[in-house]
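What follows is a single structure, written as structure tokens, with notes after it.
For reference, chains read A, B and C in written order, and residue numbers begin at 1 within each chain.
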């Protein structure tokens, strides 16, 4: 053994080598991807010069006078988010019941069914759901509400199912011992235990849904998305900027309110 | 015939362990029988096999002429209504009030719709309040269950079990989570009430003092087997010693 | 003792009634709100009943079975690869930007509570509040179609998503260890690297993985507005009313998301 090994016991040469190689491989990997994305796939010619890009960007400075016209659609977006969440809450409880290993009624059938629905709901973007609902029901806020509900129920059902699985079995046993039926056992033994978590999650989803609802209009699901698509198409970039500011403000305010509400509940 | 007749009760857990190796216990109509044994001797399992919170592998459990293990789901619920259970960890619904917890004892008979909205019958509410008075917690009935002390919680558990107007009380180590002094108060309460209402009790304990002072008969359990079964007054010291020394 | 019981009973009953009254009023308000919403949103409530039937037939006749062969076409496969690459690049660049930002946005260790903290917090909050798809449309207007705009959109999404989580982790650290380092006379940067980072690093790695998973989900749909990736073909097929090929894209998206979530879940749990 050389002096080097004794001199710095904290630095294992093999480990350092390993780290640098991993780092190097990642860096090369990223450069390859970067080259692909940034250089090859991007149409630099069409993009124009930097000056042109900046000029276009500046067009997006919000046209404040447009604000009054955004109020209606923004409120519509809010309503869509609200009802989508309410619907999701309603549907997620029975799904959580199916997807909770400790209380699912027919484990071989209902557990995979519940879990499958949850996975489907969480993996599919709300735009996709909106597309499906719009083509079945026509344009308007209704397919938007349904799309949001279908998208949110996954998270709510999953977290609720997990809460149910982690629930203290003692109270559940106690209610069973009184001869109550399954529904009563669930209502008295399970629900009171998971209630705080459930409410927190509902508030959380409500926030996210405001943001989701704003883009549903792009595919005909109601709300401000439609107006945004229109102004973008007609190159009214100042108005588009105003819409972005409006929706961002609404989401931020909504988050602030919901944080306060959640603190009060705990 | 005894009110509760348990014969050859066997239960094995998935791991291959024998929890109960063919136990016979009987409880007469106004008797208090104590199941005495160390942790793991099978006392909890035995109690839970009676109302089938744990399913026995084989054996008979006959309560008032009805064989419990053979009952279907709905008949089992009817049978459970006649058995009040009291738990070591109290098992109250923390977020609900004391009164609602006691009323939960009626969930076997309160209609589903009423249950969901917690709109209990006036008579039941009246009786629940009376029971709360009897067990000494009437000043706490509006409090949330998790705001109570251990002794108070167990009293709620007792009231809840009594709400069912049970034919028998199944009591699982009622004082193991309580201070000794509070524990004795709770045992005194149980003893008084069961004598007043003429309800038999099957209680599991691991404390000799409790077994000696609160029961009419003691059944000793060790590693899933019954090792003695005698009236309390005639149990000898070496029977107790047997329980408290590991089987060799 | 009887008085105790009847007193208690009466007071319980009257409370119950009052509570019931409030609940009833609440229910009425809710129903009124529902009717008002139906009116304002112009929801065709009469059509809702036939809705599920129509949905069912539409899905079974026009959407299924998905024409999976479409997903195997060269241009589609290329777009899938582009989606993945875009998500990695966007997540990595976004993470590099987010890390110092999270440091600034943590009240306990931010180097400047007066300026950098509110600024960093504002940036995180605003980037989170802005819908990513809208932002992608804006970027496409500025930078043209293609994955470059999409990548930038994912950078923004990362800042908003990972920024909040990372800042929360920093705020949750044990300050005593940081003070210990400070007490040795180290400068702010050393305090950061020896006091803060070791404590948050494990959680941050988890967040980085979680973030990449989230950005992959985003990247699958960005193409819908022209920002690169497979979403383009989704839009294309729908616009030519080829629903079964569109479904093929949707199926691939779902499979990709499920795989990435499983992988991210697995990695995050193995790290602890």
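A few remarks follow.
As a working rule, a contact is a pair of C-beta atoms (placed from the backbone, for glycine too) under 8 Å apart; a residue touches a chain by one contact, two chains touch by 3 or more.
The shown structure was predicted, so the numbers you read here are calculated from the model rather than taken from an experiment.
Interface comparison, A-B versus A-C: the pair with the greater number of contacting C-beta pairs is A-C. Greatest centre-to-centre distance from chain C is found for B, with centres as Cα means. Between the CA-based centres of chain A and chain B the separation comes to 48 Å, rounded to the whole angstrom.
Rounded to a whole number, the gap between the C-alpha centres of chain A and chain C is 4 angstrom. On chain C, the positions that touch chain A within their shared complex are 37, 40-44, 47-48, 51, 54-55, 58-59, 62-63, 82, 85-86, 88-89, 92, 125-126, 128-131, 133-135, 137-138, 141-148, 151, 217, 220-221, 224-225, 228, 234, 238, 243, 246, 250, 253-254, 257-258, 261.
Partner chain C is touched in their complex by these residues of chain A: 30, 33-34, 36-38, 41-43, 46-47, 53, 56-57, 60, 76, 79-80, 82-83, 119-120, 122-125, 127-128, 131-133, 135-137, 140-142, 211-212, 214-215, 218, 222, 228, 232, 237, 240-241, 243-244, 247-249, 251-252, 255. Residue ranges on chain A touching chain B, taken from their complex, read 170-171, 173-181, 183-184, 187-189, 192-193, 195.
Interface of chain B with chain A (complex): residues 51, 53, 76-85, 87, 89-96, 104-110, 112, 115-116, 157, 160, 164.
In the complex of the two chains, the chain B residues touching chain C come out as 99, 119, 122, 125-126, 129-130, 132-133, 138, 141-142.
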